[in-house]
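The following pair of complexes shares a single chain, chain A, combined with chain B in the former and chain C in the latter.
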Partner chain A sequence: MRFLAIAILAAVMLASLFAPRLAPYAYDAQFRETPNAPASRIFPMGTDDIGRDRFSRLLYGTRVSILLAPAAACVSIVLALLISVPAASRVPGVGLAVSGLTTICLSLPWLFLFIILRAKLPLNTDPSTSVLLTFGLMGVAGWAWPARVFAAAIREIRQSGWLLQAQAAGIPPWRIALLYGLPHLRSIAAAQFRVLVPAYILSEASLGLLGLGVSDPMPSWGNLLQDLQHPDIVRANPWILAPLALLVIVMICLELLQSPPEASL
Partner chain B sequence: MKLRSFCLLAVMTALAAPPVPRELRFVIPGDPRSFDPLHIEESESETVKYLTAGVLVRVNRATDKLEPELAESWTLTDAGRTLTFHLRPGLRFSDGTSFTAADVARSLTRALDPKEASPAGDTIRSAEGIPEIRVVSPQVITLRYKVPKPGLDRLFDGIGIGPSTPPAAGKLPASAGPFFVAEYKRGEFVRLRRNPNYWKHDSAGHPLPYLDSIRLDIQQNRDIEMTRFLRGELHLINRVSPDSFARLKEQRPTAARNLGASLDSEFLWFNQAPVRTLPDWKRAWFTSAAFRHAISRAIHRQDIVRIVFGGNAHIAAGPISTANTFWFNKALPPLPTDAAASLKLLVSDGFTLTGGVLKDRAGHPVEFSLITNSGNRPRERMAQLVQSDLAKLGIKVNFVPLEFGSLIERIGKTGDYEAALLGFNNVEPDPLEEKNVWLSSGAQHPWWPSQKSPATPWEARIDELELRQATEGSREARRKAMDEFQKIVVDQEPVIYLVNPDYLCAIAPSVKGSNPVPSPPPVLWNIEWLRLE
Partner chain C sequence: MNASTTTPVLEYCFTARYGKREVLHQVAGVIQAGEIVSLVGLSGSGKSTLALSLMGLLGYRGGIVTGSVRLEGRELTGLSGAEMRKLRGKRIGYVPQSPAAALNAKLRVRTLLEETWKAHATTNASAEDFAALLESVQLPGTPDFLQRRSGELSTGQGQRLLIALAIMHKPALLLADEPTSALDAITQAAILRLFGELNQRLGTAILFISHDLLSVATLSRRVDILHEGRVVESGPPARIFREPAHPFTRELVAALPRNAFPEA
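For the complex of A and B:
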């Protein structure tokens, strides 16, 4: 199963990287005589409501989402790890301060921050800059939830028997952290990654409403998924579900990759 | 014996059961903010007001003629300065109290009181001050203005008259219209009941309205509204989006009604204001009529009609919709689409197309941002089509959908934008209220608001014509001014008009007596005559 997961992920990555060669049309080419066309040999997944080929747009959209959403999730997790380590510190007040910072960060109205960001950005911002900024900001803004989980896990480690034994055995702290602590946190990081990736893909779609994120005509899974808000269109052309199906498949593959080999059997 | 007993029981039950209530059901998207007819600021309250508030005169939405309502006659004398209403005898509010000229005087005095800040008062106030109101008798009231006010009598179609005594705390107000507000549950529904004292009768002498009650369900989601209509839970939808209309036509073709072009228009314009954020070289493009004409001619409006509106729109011919039969200048030619002519115009204006990129005289590539309100699917689609059409001329359009608040801030306050695509939902055919949009000094003037003096001779002429149409007493003289105004707007294209969307609505076959028209309220305007079968 792990092999299958690797093969599928590799296929998706390659298909997205070679989108300019594989896609039959440019992602912004409008075939105005055939809007909302069903799947056919000319348009393998049909066309959208202004006549753009859905298959080509899915290939190009996968490039953006499959690279940037995991990258943003990694940024959040690294930040969360760096911030949560002091939270478990024995120095009086440090844990409390970090915990307070996390709570403040969780209660901040991030939506307004994004609105302010949009207001400050020039309207003629290059689409790729806008995309990178959006995912970058999501990555930076999303550290608080994983940090809270990491802090709890680190506190638990500090009270564990094996840590006491290791300390009693005279193993230096850096060695304990690197060889024993980090592997212990790996499964938590993997779980957080699985939560953050789809969350960021869907958030990117919502941010489109603020004029941030991936702006039309550039496609992404997020803006392709916006069509799902219209059940009539889905009934007429089930290929609209393709980005959702791809998202689910990729998430299952990531899950399989992160599970221990025996669990995937 | 058993069968006979059963039949008897069935007949008795049928006789004992209450009659099927003649309750019309439809949806409004939010809670009405006010039931006071003088404080109406949004469409939900406007709908309730239309159905409940008594008015002195009513514009017949089908014929555009002014008809008597609570006033059985009226006269305009003293060269249009004095308006006298003669009320019908024996009028009563829904609670049984008498309706007299004193009630009219109190409502008008309240509306005109600056402390009340009533939108209704703004429509009947004159630039030279408020009119003198005099109750001549319990059935006659006179308003005297210092100068003639154009279209004065028609303005009273929108002035709801309430009782002199305000309702007790927690009570709903009585009304003199066909219905009164009987029940209101915030976030759920408003129920209107038939006004038993309404004056109107049909030719057979039956009291109107025919309906017993109306339930206005409060429901924001338009998809749910359509689903409920298709399930038979609602009798009508006052305005259907082009997307939902396709679904309606497929599932309930007999209920789908295209009423023709509406008074609304969709358009785009360039920012011509001298703001810091707009470079001079870009402003030079936007202030060039040749550039604006070239953009206008490059846009395939027919594709917008077909793709964005599913064929349910008409190509716009100018600032006034073709549906506005009295005010539209019929001499205006249709707006042309001609990409080759467009490029020629740009070349004649100093632009060059090299390597697929259009550049101005100084070598700046032609690129601008186009903003619209995010979440508005038709506008987003229109912007994408415009973006693609202009790309063929080597023009790069950065389409940025913005949250509505940010959009208004940029357009109305900071001026930090280059081009905008928006629409205008027009309720009133008379262009009087649009004066503030077109006067160069107006705060809502789209391409350069609040100008100290008109920037160009043609803008100065628009100002003159707008002021003329707002002060002339004669409707014909006003129309002449508006004809010239429309010609200037089309000749200069400070606003590039795209389409007039059709008015689409849904009416269940069980609703009888409707005569829908393409202006609000399309189905409810003759509410007294609607029946349910």
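For the complex of A and C:
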């Protein structure tokens, strides 16, 4: 099952990476004479309301979602590490300040902040800006949860017997951090990454559905799903459901990779 | 004049506290070069705090030491972290209680040896050096063993490895914090014998911290009894067994099996 999940994810990843080669048209190429066309040899999944090829847009949109969600997760994790390491310092007050900041960050209604921020931006915001903004904000806003986990791990390390043994042997602190501490944090970072990637994919999809994510003409899973709001078009062209199906399949694969090998289905 | 014959290896008298809670009250002791001294107390009596204090590591656990700790005549309280680090592992070795907790399971035996070596040496150690060290604690010095991860070792092997790491730089003093309490009876006896041998061979003074009066008594020249953060009694083991003075020591001795200590 794990193997299957990895294979599917790899295939989706490759297809989206080679979107420029695989897609029959550019994502913003409009065929004004054939809007809302059904699936055909020319348009494998039909066209949207302004005549853009849905298949090409799905490939490009997948690229945006599947590449930028991990990038945003990396941003969150690096931020979390940068913030939680000083939290473990012995300077009085620093740990408390960081933990307080984390709590505030976890309590903020990020969706509202997002809506306010997007409302401030002009309607004709450059699509690539909107992409960077959407994922950048998710990445920056998402540091708090992994920071909690890192801070707990660092606290545990500070109480550990092996840290004491290494200190008692006179090994320099930076060697201890690099050699003894980092491997521990690395496995936690990997676990956090596996949790954040699907969370960000879903967040982008939800924001896109609200029209707050990546803006037209740049496709993403989020804004491709917007068409689902019009049931009559879906009835006319079921291929509109393809982004949803792909999203669900990718999410299932990512969830399958969450569980340790022996516990997976 | 040879300083080592006159200056004690360790001489301490200090108070240790965590915040307002005082854990050790004016504990004092002296260890001469090459001597084995035991410090016996129940859990919670402040044994581990004492070990951390002597190594200047209590600060990392949020504690404060006030008083004096002199290692080979040099006052340690007030030394900077960097100066203290140069002494730890070099002049004062530490053998912790449980190999399972004290060895980072992911690290290889070779890595642990190399890092411990590099902490105080500028030259590289050869595989033969490590093999000789491992053999001196009755561990195989084979390349195969060096490649093992410490998590794959048995408890007895792990404890021997911890001892090897502690004696690598031939410290003047070895601080052994309950080094046998995680071991079965047979391994425990073997490890105690090993400490005796190392003391004879290297001339290393040993402060043996334990809850088990009987196991350490035969090795030690002197036993200090630690009770509720105070050294309540101190003397040669034979005297402690025959005429324990403090009520706590009497309780401790009475709890031993009859005729357990042959000299008593």
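FYI, the second predicted complex is superposed on the first by the 170 of 265 C-alpha atoms of A that agree within 3 Å, B and C clash if a C-alpha of one lies under 4 Å from a C-alpha of the other, contacts with A are read in each partner's own complex, and residues count from 1 in each chain.
As a convention for this text, a contact is a pair of C-beta atoms (placed from the backbone, for glycine too) under 8 Å apart; a residue touches a chain by one contact, two chains touch by 3 or more.
Since this is a predicted model, take the numbers as computed values, not measurements.
In the superposed model, A:30 makes contact with chain B only, not with chain C. Of the two partner chains placed by the overlay, neither chain B nor chain C lies in contact with A:107.
Of the two partner chains placed by superposition, only chain C is touched by A:164; chain B is not. Using the contact criterion defined above for the overlaid structures, shared-chain residue A:180 touches chain C, although it does not reach chain B. A count of residues in chain A touched by chain B and by chain C gives the higher number to B. The contact sets of chain A with chain B and with chain C never meet. Interface residues of chain B, counted against chain A in their complex, comprise 223, 243-244, 246-247, 300, 303, 306-308, 367-369, 371, 374-375, 380-381, 384-385, 387-388, 398-403, 406, 409, 416-418. For chain C in complex with chain A, the residues that touch the partner chain are 52, 55, 57, 59-60, 85-90, 93-94, 96-98, 101-104, 106-107, 111, 115-116, 118-120, 162, 165-166, 175. Contacts from chain A toward chain C in the complex involve residues 90, 158, 160-162, 164-172, 175, 179-180, 183.
Note for the complex: chain A touches chain B at residues 28, 30, 32, 35, 49-51, 115, 118-119, 123-125, 127, 208-211, 215-217, 230-232.
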